[in-house]
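Provided herewith is a single structure, encoded as structure tokens, for subsequent inquiry.
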Amino acid sequence: MRFSFPLMALGLEVAMIVLFGLFAEYETSWYDYQPNTTQITESERFFQLYPLFQDVHVMIFVGFGFLMTFLKKYGFSGVGINLFVAALGLQWGIIMQGILHSHGEKIQIGIKNIINADFSTATVLISFGAVLGKTSPIQMLIMTILEIAAFAGNEYLVGEIFQATDIGASMTIHAFGAYFGLAVAGILYRSGLRKGHRNEESTYNSDLFAMIGTIFLWIFWPSFNSAIAEPGEEQNRAIVNTYFSLAACVLTAFAFSSLVTHGGKLNMVHIQNATLAGGVAVGTCADMDISPYMAMIIGSIAGVVSVLGYKFLTPCFAAKLRIHDTCGVHNLHGLPGVIGGLASIVAIVMGKSKKSTTAIQAAALGSSVGTAIVGGILTGPSRERI
Amino acid sequence: MRFSFPLMALGLEVAMIVLFGLFAEYETSWYDYQPNTTQITESERFFQLYPLFQDVHVMIFVGFGFLMTFLKKYGFSGVGINLFVAALGLQWGIIMQGILHSHGEKIQIGIKNIINADFSTATVLISFGAVLGKTSPIQMLIMTILEIAAFAGNEYLVGEIFQATDIGASMTIHAFGAYFGLAVAGILYRSGLRKGHRNEESTYNSDLFAMIGTIFLWIFWPSFNSAIAEPGEEQNRAIVNTYFSLAACVLTAFAFSSLVTHGGKLNMVHIQNATLAGGVAVGTCADMDISPYMAMIIGSIAGVVSVLGYKFLTPCFAAKLRIHDTCGVHNLHGLPGVIGGLASIVAIVMGKSKKSTTAIQAAALGSSVGTAIVGGILTGPSRERI
Amino acid sequence: MRFSFPLMALGLEVAMIVLFGLFAEYETSWYDYQPNTTQITESERFFQLYPLFQDVHVMIFVGFGFLMTFLKKYGFSGVGINLFVAALGLQWGIIMQGILHSHGEKIQIGIKNIINADFSTATVLISFGAVLGKTSPIQMLIMTILEIAAFAGNEYLVGEIFQATDIGASMTIHAFGAYFGLAVAGILYRSGLRKGHRNEESTYNSDLFAMIGTIFLWIFWPSFNSAIAEPGEEQNRAIVNTYFSLAACVLTAFAFSSLVTHGGKLNMVHIQNATLAGGVAVGTCADMDISPYMAMIIGSIAGVVSVLGYKFLTPCFAAKLRIHDTCGVHNLHGLPGVIGGLASIVAIVMGKSKKSTTAIQAAALGSSVGTAIVGGILTGPSRERI
């Protein structure tokens, strides 16, 4: 029994090394560099994107990691398991996405892959938020493998088959990760795992540690939403829109937190989480020509919905649906992710983007939520067998 | 009463959305991109500046936020209200600066505006340090609106009318923010608000949280001082000068902290704050051809003055002038900001810059300090009415 | 007595200012900019490297600083003295490296120097980890001056005379810093300094603070290993290899931590430190054409060796060799640094690089470890005289 986790971790690392040995090589397109051309070379592009990659990297490891330190008893587990899951997930994400996108050739590893690999891990880390305190490392390990496979499949379907647009991944990462995690949490709840409730308390210090996560996520979200956008106009727009959506979201989240909290005080859980909903919700539209004020409207709505979700939906989910969502990922990633998908439909109706149609975007949203729920339900019981 | 804060916050966000809808649009100058030119395009410039922007962003939200966690009872307020104030301030800053600089045309939102928007918020966050523990969120909200309007006015006067040089904003942000905050703190003191003293204690953990703020501010200060400098020589110089000024400042701050502290020990407040004075003081001269050793002299002086300020001036201000400066912003931003202005006068006398004259720089310093004090005095009482 | 530290610090800062006044000037090569050429100008290169510099800067001040907060009584000392040592060390590093490399001309200060200056300080900060809790600020000050001189000498020997390759400085920084620190710790131990053991405990919060250091080091290590690599292919490879080596290392470190810990639990010390060994070990080979899977093998081995070192070697060193290694730098920097040197020999044998020969690499490794041990032994007693 006590050797299961180390042996599985070692076995998976050996498997990753074999897979990389067989299927991966360095990206070589910068060999084509023409000295007399004014085009940006691949190597220059590497340097344009590298800072954005590092911002995303900080979000994954510091942002998600410390956001989960708010529980006094699970702080170290939160940030530690977060590191483990992400380190495994990024290797596996490269392989899964690479196989789907490389059409039988070797996977060319450059800056784009490692950004996408970080993205892959985000789905599992979001789901982790729903099951924090209810799972063992070995269960997380299995969930990482299964969820990233499901994510890569859905992302290929949405992006390549449907040709939907989802630059900041509101649907394919945030909604997907949240509903996957909720489905798993629902399964775990039924299995009688009602532990963790007694330890579900925060302290003053654990809340401050969590704010490290919140603030770094908030700061670097423009990089998350723009990292894989088209260079130029679209990428710059993705940065600007996300910046303003997040700022607007903070104001409405603070306002509604005060409105729904006893005595008009601010609720720390809202501040830690709902202030980020604007980044999620603007994701799908981030590179569209929606104007900054539209981004601010999207962010404002997300802040309101997220606070109301924490206040009313989360207790209801636990009591009625028997889904216990430890970090409230439904309010931070689930609902705002759905808002993101719906916002893209509105934007297309308003003529702000010709990249996709309303039907395609609706299909993408449905596919992301549906695949996540089915995937989560199928993953849940498999974790009991260990 | 309890609905004042949420309603004001929501009302302001609606106002911002309307203002952005009327007056703001994406920057479009990169449409002019000529494929056969070797000039750096706007989009490339966006990518050169984006990492500097993100460094400044970290300073505003992590740096200022966590620097204010040193009080055991106000840690969460510090970092939370900091986020709220900055999120409001950056939207308002875009509008105020945009209206003054865009000469009746629409505000073109690109990387430069969002850097400047972050800068606008810095003034309020500095002032917040002087009144931490003495104000409610609603008071901070009013101060944000009034102070940023005053800041934008003074910055336009100093930069556009006087044509003074202040690349790192020692005068227009640091001295301005500090003296504005001190004036407000003076007004609040007179009103009989003597609360907060009992809670004015730090713990071992709260001091460590504050060091997160200190270190991130210290690290990214070269980006703060160089972000809006002329590309090339001047921008690179701003980075190098700030780097060395800060390094020198650490040595003198540690030395004087040990000199003036009982038993030769180090005082945590000095380490948290005075080590940063070098970044403030070198600001105005940062892009001038002053040589690294001059930057180190400026930093060394700032470190000494800042520690002496904490030791002797702050208690004196509280006792004699009835100004209670919670975080000691006078020592970290006020005095070093004035040093920055004076250093630029010396540098011009020594022939290190031809961008400005000694009279213009003196006028800029006087205007910044004067506007701040008058603005702070006028803002102070208005906050009592709520 | 109580004036020794402040006077020495002030005296050193004055000396630095004089040395910079005599020997340093801004880099001026960007004056040569040709408007009609497609070559990357120095100023553009500055901007390509500046984000990497800032990543390294975060590692030095946040990473190393907070990694040393794990002891409940030395948290503030750890991060505070780290700041002081690094601020002194970077000034001194510029001078020492500049004198050796500038061949009698003035030291041209640009982005490369300040990256290298940060690197210089890393050696002392690594050594600091071995003696944390056993030294006074004044002893650290002396060690900084002596160790950086020894480091610059060895680095010149290895890089310029031997022409060895060590892009991520596994040998010249990590192994050097670790063995220097161990030698000093050994000397201090013999002198009867057995204090610090009672306070050698961590708390839940201090362990979380240390994780801030761990995670930021982990995230930005690709920048550390690539910052001074050749632009293009080699630099990109250094990033990719380090990314995968670190990911693999996390899996084996977690696995072996669970294997060697009572009850299959995870040991916090292992998670905080051994997860980083992959970044150290891949350093020397980082820019070579070794393929990602080889980087993962190197990282996997480093994670295993590092955990085993913490479990078995550190107690043995304390008991048998009377070397008390507070942070276990031998396991995080010493052994993985040696692995890095050995890996480069294997890579050259396998034909992955023609930049160096096996004999040269072996000489570089021997020189780094040897110089460090001799330097540390000579430095140790000098610190007793104060």
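By written order: A, B and C. Residues from 1 in each chain.
FYI, a contact is a pair of C-beta atoms (placed from the backbone, for glycine too) under 8 Å apart; a residue touches a chain by one contact, two chains touch by 3 or more.
Please read these numbers as outputs of a predicted model, since none were measured by experiment.
Engineer: Touching both subunit A and subunit B: give me those chains, sorted by label.
Structural biologist: Chains in contact with subunit A as well as subunit B: C.
Engineer: Count the residue numbers both subunit B and subunit C use at their shared interface, divide by all numbers used there, and answer same if that is over half, different if under half.
Structural biologist: different
Engineer: How many angstrom lie between the centres of subunit B and subunit C, each centre taken as the mean Cα position?
Structural biologist: Once rounded, the distance between the two centres reads 33 Å.
Engineer: Using the touch definition from the top, which residues of subunit C touch two or more other chains?
Structural biologist: 38, 51, 205, 212
Engineer: Which of the residues in subunit B end up touching subunit C in this complex?
Structural biologist: Touch residues, subunit B against subunit C: 38, 40, 48, 51-52, 55, 204-205, 207-208, 211-212, 215-216, 218-220, 223, 231-233, 235-237, 239-240, 243-244, 246-248, 250-252, 254-256, 258-259, 263-264, 266, 268, 271, 275, 289, 291-293, 296-297, 300.
Engineer: Going by the contact rule set out above, which residues of subunit C touch subunit B in the complex?
Structural biologist: 1-3, 5-7, 9-10, 12-13, 16-18, 20-21, 24-27, 30-31, 33, 35-38, 43-44, 46-47, 50-51, 54, 57-58, 61-62, 65-66, 69, 75-76, 79-80, 83-84, 87-88, 90-91, 109-111, 114, 137, 205, 209, 212
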